[in-house]
Each structure stands twice: as C-alpha cells, then as structure tokens.
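Each of the next two complexes has chain A plus one more chain, namely chain B in the first and chain C in the second.
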Partner chain A sequence: MVASTADTVAPAKPLAGLEWTLALPLTAFFAVFFVTPLLLLVVVSLFADSEMTRFGLDQYAKFFGDAFNWKVLGSTLFLGVKVTVLTLLFGYPLAWLYTRSGPRMQSALILVVILPLLTSVVVRTFAWVVILGRDGIVNNLLLTLGLAETPLRLLYTENGLVAALVQVQMPLMVLPLITTLTRLDPNLLDASSALGAGPWRTFFKVTLPLSLPGIVAGCLLTYAASVTAFITQSLVGGGQLLFMPQYIYQQTITLHNWPFAAAISMVFMVSVLGVVMLLNLLGRASKGYIHA
Partner chain B sequence: MPDPRRPTWGTFSFGLVMGTLSTAALLLLAAPTLVVLVTSFTDGYSLKFPPPSYSLRWYVSLLDAWQLQDAALTSLQLGVVVTGVSVVLGTAAALAIGRSRKGWARGLDALFMSPLVLPALAFGLASLMFFSTAGIELSFLTLAVGHIVVSVPYVLRTTLASLAQLDPALLESSESLGAGRLYTFRRVTLPTIRNGIGAGAFIAFMSSFDNIPVSLFMADARNEVLPIRMWQILENSLDVRAAAVSGVLIVVTVFAMVVMERVAGLSRQLR
Partner chain C sequence: MAALQFARSQHRKAPPPSTETSATPGGVAVTLDGITHRFGTSTAVNDVTLEIKAGEMVALLGPSGCGKTTLLRILAGFQTQTLGRVVIGDRVVDSLPPAGRGIGIVFQNYALFPHMTVAQNVAYGLEARGTPRDAVRARVEAMLDLVKLDAMRDRFPKQLSGGQQQRVALARALAIQPSILLLDEPFAALDKNLRLDMQIEIKQLQRRFGITTIMVTHDQEEALSMADRIAVLSRGRLEQFGTPEEVYDRPASLFVNSFVGSANQLKGRIMRNAAGTAEVALDAGAVLSAGTFDTALSAGDPAVLCVRPENLRLAAEPAPQQIPGTVELALPLGPVVVYEVRTADGGQVKVTEPRVAGAPLRAAGTPVRLHPVSPQACRVFAQPA
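Right after this comes the complex of A and B.
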C-alpha cells in the first residue's frame, strides 16, 4: 500500500484528541497568577485617591497633567530607541562575522555571545560601575593619555547608561540575527556578485532586506528589555536620571501610592506594547516584501 | 565587469567596516566579564582597575558573609523549585499546542509567551497587589509563583522548537506497530525533545536565579534573594565583596554553560 503520511488519517484511539487537556494546568496557572493580577492592576489604577475609596480617572489625569511625567515616559521610550539602534549597529556585523566563520570559530563566537546573557544582570552592570567609575578604566586611560585633566563623570550619565545597556542587551539582538543570516541562501549572494554588484551593494540590496525578520525580532527583544532594565538604569543611571521602572518602584515601595503606581505601570505597559506591536507590523510587512 | 576575486576598494572598505564593528562588539561583550574577574582579586578596598595588588582576601571574606550566603541559598532553592514546576507545566502545554494549528493553540501560545515582552516590573507590582488583596502573606511560595510565570516561556519556547523537528510519521509508525501512547511518548517523543527541555530548563533556572523585576516586589526580608542583596550592596557601599560574589557566579555560569553545551547542545537550542 502506498500512502503519503500527509493524508493518512490516524485511527481513533482511546485518549486521541484529548491532547489539548495537557494545556489545562498551565492555562489555569496563567489565568490565576498572570491574567488576574494584571486585571487587578487595571482596577487599582482606576481608584481616584491613594486610600482607594472611590473610582475615577484621576490618576491618569494626574500623570498626563504634569510635564515631569511626560519627560520621564519620553526619556524611557527614547532610551530604548538609542540602545536598540546602537545594539543593531554593532550586533549585525558580529552576526555577519558568525556566518562567515568556520565551525570552531562559530562555537567560540556563540559562547562569547551567550555568556553575558547567562551571567547575572547585576554582575554585568557592576562591571560598568568599575569601568566608568572615577578610578575606572576609561578615566585612567584618559588621564594617562593626557586627554583629561581630572577624572570625568561618566557614571550616572545617560551616555554611560546607554553604553552599559548596549552591552547588557547585545545577545538578545545577535542571536535572532544569527538565526536568520545562517538560513540565508548563499547562492543569492554569489549571484549578486556574479552579476557585478560590489560587497556594499550586495549587502544593502540582498543581505539586509532578506534579514529583516531577524532584525525586527532582535529589535523587539532588545527594546523591551532595555526600557525595563531596572538594575542597570538605577546603578549606572544613578539618582539624577529617572526612568519609568524606578518611578514605579518609588511610588510603590517608598510612597505606598498604589493607585498612582498602577496607573503609571499601565501607561508604561501600553506604550511598550505599542512599540512592540509597531515593530511586529513592520516584521510582517517585511516578510511579505521578501516573499513577493 | 570587474573580476570578483580581485580586491577592490569596495571589498576592502566593506571588510574594514564589518571587521571593525564586529571586533568592537566582541570586545564590548567580553570585556566587562573579564574586568569584574580581575577586580575581584584586588587587595585594596576600592574598585580600582587595574587593582594595585592582588589577593584572595575578598573571596575569603565571603566565608563568613552569612547574609550573602543565605541569599544565595534562597536563590538556589527558588531556582530549583521554579525550574521543576516550569518544566512540568511548560512541557505539558508544549505537547498540547505544539502540533495544533488551531486558533486556540495560537492564542494560548501568545498568552504564555507574553511575559517575555511585557515589562516584567509591571507584572511584579501586579503580583504584589494580587497577593495582598487576596490576603495571602508574601512567602517563598508566592515568590516562586511569580518566578514561574516569567520562567515558563523559556521552557515552552525551546520545547516547541524541538517538537517541530519531530516527524509525525514516526508517531504514526510507532502506533501502527502497536505501541501505546505512553510507550510512544517515552521511546519516540521524549528522546527527540529531551535536549529542548534540557536547554529550556537551564535558561529557566538562570532567569529565576537572576530575576530582579518580580523579586523586587515579591521578596520580603525572610526570603531575600541574591540579585536583590547584591543590588543593595552596590547601591549603598560599592563593597568589593560584590566583585568576589560576581567572580564565583561567573565561574559557575561558565562551567554550567560548557556542561550544557556538551549535554544538550545549548547554543543550538537558543537560536
């Protein structure tokens, strides 16, 4: 009998078709401990006063009525953009190098990429405190070379924070890029150069457009991770720079203002999800472009 | 038409730019870890780099840093519990939604993965509000529940990826040869997805061990975890002991990573 597996219908078995029940435990777990808390967050954000006695949109009005809050939200979202763009600029060539390397070099490269992902965020951030501090490497180098008279203040500045975040989040960008770039058909690149395109032209006309799904996936993860990076933001950013995560933490733990903390969490969550969805749309559009 | 093998200005500049950027990226990735390792062997009281002289004194001082030891122990226990539960719940769910193209399966998949893109800090706060509204006191258990929500996606992702490589024809042949469902699972499905589950479990453990956003709200004084303890040390005093703890963590992580690479092909599972 010749039958392709595709159109073979599995004979009815006891238990067959009941595989979906295996998803029940996790579904129940998520319903209680993930969805319910988030719904509760919405409810709490709708209390008008911090004693939670009556409902109203006062917390949101309070948030959007103050220019200070707009600045915190804006600088957080923009911080994510800066980090994501720089991570892509450095991460892409690294992923490209991976596809051009031999197997041994590839394993070495992948370990260098994964190691920071698995080392504690506190440890990685701590490294930046050492590098950027008054006695740190950068300052020592600048003083030795005579490029600066006194140690520069690098820690607790936004540029220092961006540098640290780029390093901390780089693996999230590089891994999806490696995945797409290794799947890319090498014949296309050969065809492009055989037809007379130089490496730059091949890169911008063939490699880059074909790797758009990987770029979008990497940007998505990097963006979401860098706007919420509480530890790096608070240790390298210090007291002078305030971003949404610390703002939420302050309002909850120090000021016990739950409704306001919940409202700014909602605003933060919705803005981040908005950016993520926008990137996702771009990703879909890019897939269509490739298959067209 | 130019000879593609002859180096041109284009080839040269392309190689130069890509080479420079990727070297910079590699340096950027590797340097901080090395800096922390070297700093942890300092003899001085400040985080000066390079250290004025070297010693093991900060590692020795960890021996009676009971607060750090307690925090490390709590984090380890938490990681084990969280990984265990995440693997059971995540693998079961992966088996259910893995081969289904139906709407409900896609929907559940999106739901289970959403903790990865949602700002985890907002979830931490939501969890705190949930348990205190329900009148449940914060404990090791509530902390573990919060961690499981953010760790399950890793197990689910790697297990789903390895399930996708399982040829359905294998399951059908096993069944048509008279094997029961459990036997088929044990002898056909499990060997195929074992590495995926293993890699997922490893990442789930690391994500719990390193979790900040949930622990920030859910860990109380009795259940202090290592990352929060270290954050407080760094925030308040820049104690050099933090460098020694980091040194220990780096060595353990590298060791675990090499073992996982050998056993489960970790790097292939991550991509």
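Right after this comes the complex of A and C.
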C-alpha cells in the first residue's frame, strides 16, 4: 500500500476513468431484454391490420374510437386509485404503530407486513378465493353470527378484488412509510407538544407533512403494482370484470390481434406513467425542504 | 425597538417597572421533590430533590448517562417519573401535559420544523394556543427582532447557520411567554467562538426577562460561567447543589472534585478530623490539613486528599510538610507551565505555575518540593472502596 500525499503522484488506479464500464453488463442486459422488446412493441402497435402487413395509426384510432375501451382504461386507473387510497389509510396507522413499538413488537409487525411478499402470488390469490368464496370464511362467519341470511357475493366483485389487492400491496406502502416515519426526529413531536399543540395538531402540522415523501413513494409503488396485478385481477376479479392487463392478454393470446394488443399496451403504459409522474412531481416538491 | 417593547410588556406585570437589568420579574420557582425514575430495572434518576428559585439559572451538570436529560424531560412533562413530585410555582404539575406547564424548551439539535419558515416556526406555539392572527404577527415580529433575525423570517431552517438556528429555537420557545426556559445541551452543536457569543446572549436574555432557566450540560466551564447554581449529578444521584464557587472550591464529593475542574488525588490516612478540618498523613510523605464535609472519617481511615493543580506551589525553600518529587515533564501552555511531578510513593501530580518570561523551565529529573497554597485549597474524602 502506498500512502499518497499531496506532492507525490498517486499510483494509477487500474480502472481510473473507466468506472462506468462496470455498468456495462447490466446496460447490455437492459438493452436486449427491456429496451428492444419495448421498441418492438411500439413497432407492432403501428401496424394497421392484425395480419401486420402495412403501417398506420389505425389501432390507436380503433382504441380511442370505442367507448368500451375508454371504460376499461378508466376502471383500471380508478381501481388503482381505490386500492392506493385504502392501502394508505390502512398502512399509515400500521407504520405509525411500528415506530411506536418496542423491538419485539416491531419484528412481529414487520413479519406480518412483508408476509405477502414471501408467499407466491398464486398461493395468496387462491387464499383470497377461499376467504371470499360462497362457502368461504367471511360468508361462514356472517351466516353463523346471523348477520346475513344468504351467502354474500364477495368473490368476482370489484370490492372483493380491492380487498385482496390492498392486502397484497400493503408492504409496498408500509415499508416506505416506516422508513420516513422512523427518520422523523422525535424531538420535533416533543417540541410541538411543548409549544401547546395537541396530538392531532402535531400529526397534521408536523408528522403528516414530514412523511409526505414516504406517502408519495408508497402510493407510487402501490398504484403501479395494483393496476398491473394481472393474476389477482383475473382470479379474484373473475371473467366479468375486465381490466387492462386481462384485456391485453385476451387480445394477444386468445384473439392473436398483436397490433391492437400492442397499441392498448402503449396506451396503458403511457397513462400509468402519467399518474406516476404526477405523484413523483408531488414527491419532489415535498422532498425539497425536508432533506437538506 | 420592538425588542424593547416586548421586554416592557414582560415587565408590565411586575409592580414597579424597574430598570431592565433587575432580575426576577417573570420567573417562577420550581421544585423537584424526591424524583426517582426507572427504565425497566435500571434507575436513571435516584431520589433527586432540587429547589430552584424564581428567576434563577440552574445547570444540571454531569457526564452522559448521569440522568440529567431524564430529569429535564420529567420536568418538561415528556416523561412521567416513577416516584416524586414536580412543583412549578405553587402547583403540582405531575398530571399536566408539557403544554400546561408553561415551559419553553430549546433542544440540543434545536428541533426546528424543517418544512416551516423561520417566522412559521416562531408562530407555531402561538397559533397552537389560538392567539389572534394580528397578535401572532406582532409577537413574531418582536421575537425575531429580539434575536436579530428579522431579515431571515422567510428562510427555511436548513438555510441558516447553527447559531441562527439556535436563535430561532430560542425565539420559538420564548414566543409563548413561558415562565420556565429549559435548555438541553444548548451549545454542544456550536463551534467554540460562536458558543461564547451565544452564551452571553442567552445569559443577557435570561437576566432581562428574569425567566427561571434550567440548562442541561456536560461542559463544566459552561455550567460554571452561566449558572447561578449548579446541580452536579452522577449515576442518577445528586452529588451537590450549590453556587459555582461552592461546587468548585468546596466540592461535596470526590466525584464533584474530579469532574468539575481537575484535581490531583493524593492517598493517605486520617490523623485527626474535627470541625470540618482533617489532618492527613500522605503516602507521598507530608502531613497536610484540608477541609472536609465527611464527619464519619476518623483517625486511621484511608482517605484521598484532592488539590487542584493551580493550588499547588513548587517550593523555593525547603520547609516541613512539603511533598518531595521529581519533575517528569514540563508543558509550557503560554500563560502557565504544567509540570508533571512524580512523588515518592510513585503517584503523579500536576502543578501549574505562572510562566515568567525568560525564566527557564525546570528540566525533567529536577528534584522539587510541593505544597498547597492553603489548607482551604485541599479537600479530603473517604477513599473509594
């Protein structure tokens, strides 16, 4: 080892100026398996007919010309909003509880929170089918307690789907929230209460604004994950509820209409990106003054 | 100008609006009565009783983990003590939340709200108390004027320097007109020059408003220079509560003697102990008299005699009851020279001596004879087990 001082020339490092080459393998991987397919998708969406013989914007015209498509897109984006809002409402108290708990309770809570991430998508989705079904846990309980006369229809309804998605996406919301809330200086809350603010005022004036970056990050992840949750949407939502991922699947696999499937994929992607960018903008505005 | 008006409005309640320098118009007495606090099985504060007078500035001094911060948090109401009472004015406040205790607090890291401007930070407490908007504006104006930050009102905390942030924290705490000001290690985060400026500034504000102030610190110089009285804490216990002179000159325990200032510890045996004065036969070979509070020490008991380096002299002429030794090291520190002297029993003693220009240092190996300036400069304590 040579200790280089100001007046001796530092020994040339083997990779000096070439550090960027370390990122090459990943870049190549992304180029081949992500960027190229994406470009292919754009190209395919520009074919005018399903046999892919000539170019044109026909597929996009077809999509935007039909109210049915707008409805599917709208209900998908709205599904994301509902899931995100509910996940936030349930997740925030959970994250708050975590920051206030002792170490043992914290490990228990974190296990509960990340459990959905540790189980296979298919398994946890079928669990929801069992829970929500005609003969499922919820209906059995309601019937036993006499709260309902006949089994309720829970499975294959949008509400059932929202419930399942909220549970499945919970870690994506709670983990960023826990991160920001644990970073919150407890002295700020003490300062607020010493200055005469009650717990609610402290929450709305200090805790909530300062946890905005976590809220935005959590919403971003939850939203993107829930609008694209193909398996959960298909299995819990059933055949009667149509959302964009299922729609794309139908067009590709069942109807072999690749150009149309590609076009609606593009529309879907751009819409979701739009929502994500909007949230991101909000996040950046709030982050500016919080983290120096 | 606004600062003056504010100061006057503070004084208005006091019967004759006297001059600004007179103390104790706004303050209130505080009593901590037998406070004990346990975290699980460990005792952070052990039966501490402090009676703090109205308008007094008290420092809670001790090493980290001595319970001083816990005591402050109990006083503020952030924590409820296991045992004992907190009395503010003539009210027992144990069941009151922090907001009901009339306290203003400045945290070590200032705890300014990072998403609010300087003016919003200062206004926070007033708004929380439902003060009318015009009054809030006027008060914020006055407070920012007081801490000389009117130009910074629309800045965010992270755009300010450390000293400015502390001023904002002070303005925010004082805006709600507290009767007690709590300072938690207020100067720890400031660099040395700024620290002295802020110490003077806070001391002046405290004098002007006569606000009872309790400051937590581990810095003995800070405590000695700022506080009217110092409470020295060690391992949750109150070791001594007294004026800086008392704590420094007549420390109540070996801990206080060595924590506040520095002290040479010379081992020996008690020969006589009566009326607060003990005679000790030192292992290093002299019999010295010294002050003590410990009446339990009797002839033959092992004891420690403490004497501060600045209270030792290097004798010019041999005389009885001097401690013989050899110079090991001489450190010229500018105004003084510190000598490290090895005594006959193998102990090390530090002596400071004013440096005379041109006078040569005593070289290592020089034999010397030491004696304390007076018996009052020495304290005797029981030898710790």
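Basically, the second predicted complex is superposed on the first by the 275 of 292 C-alpha atoms of A that agree within 3 Å, B and C clash if a C-alpha of one lies under 4 Å from a C-alpha of the other, contacts with A are read in each partner's own complex, and residues count from 1 in each chain.
The criterion applied here is as follows: contacts are C-beta pairs under 8 Å (C-beta built on N, C-alpha and C of every residue); 3 or more make two chains touch, one makes a residue touch a chain.
What you see is a predicted model; the values in this text were computed from it and never measured.
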Thinking of the overlay built on chain A, is A:A127 touched by chain B (first), by chain C (second), by both, or by neither? first
Quick one: classify A:D185 as touching chain B (first), chain C (second), both or neither. second
Once the two complexes are aligned on chain A, which partner has more residues of chain A within touching range, chain B or chain C? B
First (chain B), second (chain C), both or neither: which does A:S193 touch? both
In the superposed arrangement, which partner chain does A:Q240 touch: chain B (first), chain C (second), both, or neither? neither
Thinking of the overlay built on chain A, is A:T119 touched by chain B (first), by chain C (second), by both, or by neither? first
Between chain B (first) and chain C (second), which does A:T53 come into contact with in this model arrangement: first, second, both, or neither? neither
Looking at A:L210, would you say it contacts chain B, chain C, both, or neither? Reply first, second, both or neither. second
Taking the stated contact definition, name every residue in chain A that is touched by chain B in one complex and by chain C in the other, in rising order. 193-194, 196, 198, 201
Of chain A, residues touching chain B in the complex: 5, 8, 10, 13, 15, 19-23, 25-27, 29-30, 33-38, 40-41, 44, 89-94, 96-97, 107, 109-116, 118-131, 133, 135-137, 140, 166-167, 170-171, 174-176, 178-179, 193-194, 196, 198-201, 203, 220-221, 224, 227-228, 230-231, 234-235, 244-245, 248-249, 252-253, 258, 261-262, 265-266, 268-269, 272-273, 276
For the complex, which residues does chain A have touching chain C? 185, 187-188, 190-198, 201, 205-206, 209-210, 289-290, 292
Can you tell me which positions in chain C touch chain A when the two form their complex? 76-78, 97-99, 103-105, 107, 109, 111, 113-115, 124-125, 128-129, 156, 158, 172, 176
Would you pull the chain B residues touching chain A in the complex into a rising list? 1-2, 4, 8, 10-11, 13-15, 17-19, 21-22, 24-26, 28-33, 35-36, 39, 46-49, 88-90, 92-93, 95-97, 100, 104-105, 108, 111-112, 115-123, 125-130, 133, 145-146, 148-149, 152, 168-169, 172, 175, 181, 203, 206, 209-210, 212-213, 216-217, 226-227, 230-231, 234-235, 238, 242-243, 246, 249-250, 253-254, 256-257, 261, 266-267, 270-271
